[in-house]
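In this document, chain identifiers A, B, C and D correspond to the written order of the chains, with residue numbering beginning at 1 in each.
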Amino acid sequence: MTRINVAVAGASGYAGGEVLRLLLGHPDVTIGALTGGSNAGENFGRLQPHLVPLADRTLEATTPEVLAGHDVVFLGLPHGASAEVAAALGDDVVVIDCGADFRLTDPAAWERFYGSPHAGSWPYGMPELAAQRGQLRGAKRIAVPGCYPTVSTLTAAPAVAAGLVEPNLVVVAASGTSGAGKAAKTNLLGSEVMGNASAYGVGGVHRHTPEIIQNLNLLTEEKVRVSFTPLLVPMPRGILATVTGKLTGPLSTDEAYEVYSQAYADEPFVTVLPQGMWPQTKSVLGSNSVHLQVAVDEEAGQLIAVGAVDNLAKGTGGAAVQCMNLALGLDESAGLTTIGLAP
Amino acid sequence: MTRINVAVAGASGYAGGEVLRLLLGHPDVTIGALTGGSNAGENFGRLQPHLVPLADRTLEATTPEVLAGHDVVFLGLPHGASAEVAAALGDDVVVIDCGADFRLTDPAAWERFYGSPHAGSWPYGMPELAAQRGQLRGAKRIAVPGCYPTVSTLTAAPAVAAGLVEPNLVVVAASGTSGAGKAAKTNLLGSEVMGNASAYGVGGVHRHTPEIIQNLNLLTEEKVRVSFTPLLVPMPRGILATVTGKLTGPLSTDEAYEVYSQAYADEPFVTVLPQGMWPQTKSVLGSNSVHLQVAVDEEAGQLIAVGAVDNLAKGTGGAAVQCMNLALGLDESAGLTTIGLAP
Amino acid sequence: MTRINVAVAGASGYAGGEVLRLLLGHPDVTIGALTGGSNAGENFGRLQPHLVPLADRTLEATTPEVLAGHDVVFLGLPHGASAEVAAALGDDVVVIDCGADFRLTDPAAWERFYGSPHAGSWPYGMPELAAQRGQLRGAKRIAVPGCYPTVSTLTAAPAVAAGLVEPNLVVVAASGTSGAGKAAKTNLLGSEVMGNASAYGVGGVHRHTPEIIQNLNLLTEEKVRVSFTPLLVPMPRGILATVTGKLTGPLSTDEAYEVYSQAYADEPFVTVLPQGMWPQTKSVLGSNSVHLQVAVDEEAGQLIAVGAVDNLAKGTGGAAVQCMNLALGLDESAGLTTIGLAP
Amino acid sequence: MTRINVAVAGASGYAGGEVLRLLLGHPDVTIGALTGGSNAGENFGRLQPHLVPLADRTLEATTPEVLAGHDVVFLGLPHGASAEVAAALGDDVVVIDCGADFRLTDPAAWERFYGSPHAGSWPYGMPELAAQRGQLRGAKRIAVPGCYPTVSTLTAAPAVAAGLVEPNLVVVAASGTSGAGKAAKTNLLGSEVMGNASAYGVGGVHRHTPEIIQNLNLLTEEKVRVSFTPLLVPMPRGILATVTGKLTGPLSTDEAYEVYSQAYADEPFVTVLPQGMWPQTKSVLGSNSVHLQVAVDEEAGQLIAVGAVDNLAKGTGGAAVQCMNLALGLDESAGLTTIGLAP
């Protein structure tokens, strides 16, 4: 087949770098323009030294001219910047946005959490959720889900869809630091984060909260409420999400496990672990896998599900490539792996 | 005053080592016998090289003869071993057990979680909880709380005591690895835990669950239920606990903050951080401090409180020394600090 | 072509797991028997949860019967165990030993460092070294180099071969913990290694020392001497080696850089970084790459070269797969990547 | 006695924070002004949350007026800023500079490495080195040594002073990240440094190189040369330095050990570990200790000494407090400990 010519805008950041890491292993892709902002003009090998085959490239400026002529353009841009770049690209170009701009369908939710006008919404890049896969096939514009919403949604979904729990969930998710991006900030220095666990964005103020709720509302007629608490833990990659929900009736762990196993039986990238074995982020490092497990605490009257993803892989770049595959009618798994890098 | 002669049984482990680290800075204490099990006879400097002043000591066997003649004996022993050792010590000796054996008052709870006969219960070494401080003054036997129960209880207590939340809590606590002890296990190898977050003991099966419930039941007439999910995160020390509870009525974050501030206004080792600033374990590293913060999520209808402790310090050895101080009528803070080691 | 049927003995360890991680991405390989020692009979998914496609396999016992009938057998066994297993396999089977047994050619060196009789030597699996690549083509028995020797040799080789330095080198190499294996040991616990850098095996006693010397002696007529000091640093994977050698004459950094660049110009897996950019292990995480840089310190009269590898990938499993490719006449890079997993 | 009133300029940084952490435990000190630059006016509790007793303080501007009236002023300022601040303080005030400005005695060395005019030199705050202790007693201006020079010098000194090695040393030192300071930089982000070891400043260009040479030149009549290679490893604190030097004659490890033991027999903060036990940074975490060990590699003809310090404690803030004690005629160990925080 003709090779697909792909550009990445924001190629020097973590999302862009991860998209490129995966595309370099994709059988059908040729890497076209690599663009960036303040460091445009620099040697790409110095910016992303792990991407050896691109070491001789130069980062170009993110302009319509540079991005023109590609079949697919991935955007790894700061919030608010995607709409203008996308508008300059033709309708025949597949544009896959790793940022938040087009994820939320509700303008009010967008404005409350982001404080800026709503740019609109695009097909949502989570094939495993309800009817999303169908909408991604042939799509020309795709919004890649946030990292926390990816794992939180997929960890909660079977219980919510099957009505095992009341739609009032407690999600606590421990994340590595790369989710916070590559911009230099004192609180993200290695000296600060190593040996340290902290909470942030507590009390319903984290911007990924409405996205989780939006996703779960597709699965039940009841109005879903979510208390979402993100934690920062000392590792570069990975999110471990715990979802706790009050049982709606008697339920055993075996029964819950069966619901989860059935829910994802046909999903290539979701693994419900052997019963009694709990997810760890290291098992999904660099992979497109989601690892899940569930238990019922009869004393507490709660169901607890735990999920692990690599925030940069399945949580961002892997989902982006998976969406490209669907959009172009390729094998959904092309260029992706279920195998993590451990230990 | 006469110096207090102190022995530590289990001195080569993490709990024993931490008790000794603190006692070496205690103005009134002389370190007596250091005892252990399989490595008795070894040079102590090779076992705990950070405790330089004890480098020339030898680890002795844990026998009644070796432990005799001390004013205070700290026990850092495997579960089930404390009762026999304590029985051999006179009633005038202060025995402070860092293990679990005498924490639970309910024999049924003990047997369900530990699977062995209940040894009984001792005064519970959490001075900040309800009327415990009074019972610790002059006590001859003290059970030091578990690390998770310490931070979980103190993080939840003001909300439970004031009836701000329904007594059906979700506790998710991220812990460093030293809480799992110094025995060699493959899943605790550095290669396994670095770069990794995992869940374990999910579904109400962790042994610290009944202890948290027992503590909170002292604060309300309603029956408390707790869903407790422990996470292992890649750091040697520290626990960050998140407590989420459904609001019993309208409440603002300001009001919740006021309740927390008042509850701990007189506690020397509990700091409710400036509003909006969230706890991090690094701030309490090596200290006897508990750092707390609280928020209300009105959309979700939940209160979220977060607490941080050093699991080995305030979570074990620091609490043990604090209890010794109370038992002997010393300044409760002697040998302890509120200052953490950061960065 | 016919698919190659491959067995891995020691499949539950780190070396075996890494070989399998790579083989699962190899276009020509079918995974046959997975064998182990004490945990034979266990579900493989519980032993290596990151290897999702093998989750339903069972670890078998390491016996001649189980290993029979494969085209290639990889050995990831404790020292001393490989000879017997290899002897039971036919001469037509390609046997690739990730252990040390067949690396050293000098029986005296073997006996001095390992304290057991010398089993012999096999073609040495470092294609980048002198004439080794030719000897690996079509080989039926291959000894995979040690992780420290891999990076130390390739970092020192151009300077030694070109006579830029006196053959009396100082090698200090900082390693992640996985090089020490998966057996549970107290000093390798996460609690011990996180936040900690330590030295070990200092003074010429580390077993990899004679292997480094053996390699460098292929490059010069002078007798090479090496002071090798290994450091353990808190990361699961990666080795960063610094090689310092006294200059034999006037030399600029530019000249040294040119020598290094030329030496590896045709090597697919060795990258001399852009001048002035120093290696970091993260750039080679999970990849088969070696990253190098060199500088001359005129004041000190020394040349300093620095190299980075992933000890499990190019340092063990990646080299093993590279050797298999050479032995079977496949593309040397099949199943391997130069791209690291960062951040 | 009258309490000593102490100010800290640069109190929001890592050096200033560490000085304060130690001063808060000093029996004779009252903490006066806390000053800073861009964040002057902020609540100190938000800047250094681990320093609980100072939580209600406000960071003031670094002006002569604010710093006036203290007995001792510690400076933790960017390079080049100390001279002006010190000049504005009276000659009766003890000024202790944690920065580099007054460490080097040779203007040419200063200008070559720092590229700015030489401000002069002050008594050098390494009491363990040659005759320095005497010069620190009663001193009014003290330059605290750099972190790398502290451990490199003390690790090399006995071998150099006793002529065991040729004065042409190879120093490779692995450091935690806090030595690089608290200013936000992309390459110091947790995402970059965790799971990563890297080299930097290779080839004689690191600014601490001339300071190490200056120190060792006090110990021998020969001209000392040092190849210094710093490594960054993933931990917040600690430096592990390896010093390798060519033997000047036959020497056994026992003999070298005896030389080291004798050299530091009277030093309160230097511990030569039991023979065969190698230093680890964790054992000195937060302490003022230096841990050392030495071995002879007869095959290689080299002596290898290894030392560990906490770069912020003995490497900066601890040395600063030790110097204050000497300057004021206090117990040299006041407010300091030999005990590290492990695990």
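Structure notes:
Methods note: a contact is a pair of C-beta atoms (placed from the backbone, for glycine too) under 8 Å apart; a residue touches a chain by one contact, two chains touch by 3 or more.
Here the structure is a predicted model, which means the values were calculated and not measured.
Annotation: B-D is the more contact-rich of the chain pairs B-C and B-D, by number of C-beta pairs in contact. Although chain A and chain B carry the same sequence, what matters here is overlap: shared residue numbers make up over half of all numbers found at their interface.
The most distant chain from chain B is C, comparing centres defined as mean Cα coordinates.
The mean-CA centres of chain B and chain C are about 44 angstrom from one another, to the nearest whole unit. Chain B and chain D have CA centres that are 35 Å apart. The multi-chain contact residues of chain D, meaning those touching 2 or more other chains, are 14, 176, 178, 182, 189, 191-192, 194-195, 234-237, 280, 282, 285, 343. For chain A in complex with chain C, the touching residues are 14, 17, 21, 24-25, 43, 45-46, 48-53, 55, 178, 182, 194-195, 236-237, 271, 273-274, 277, 280, 282-287, 289, 291, 312, 337-343. Chain contact summary for the complex, chain C toward chain B: residues 14, 176-178, 180, 182-186, 188-195, 234-236. Interface residues of chain C facing chain D in the complex, by the touch rule stated above, are 168, 170, 172, 174, 176, 189, 191-192, 194-200, 202-204, 225-229, 231, 233-240, 242, 244, 246, 253, 278-282, 285, 293, 295-302, 304, 306, 308, 343.
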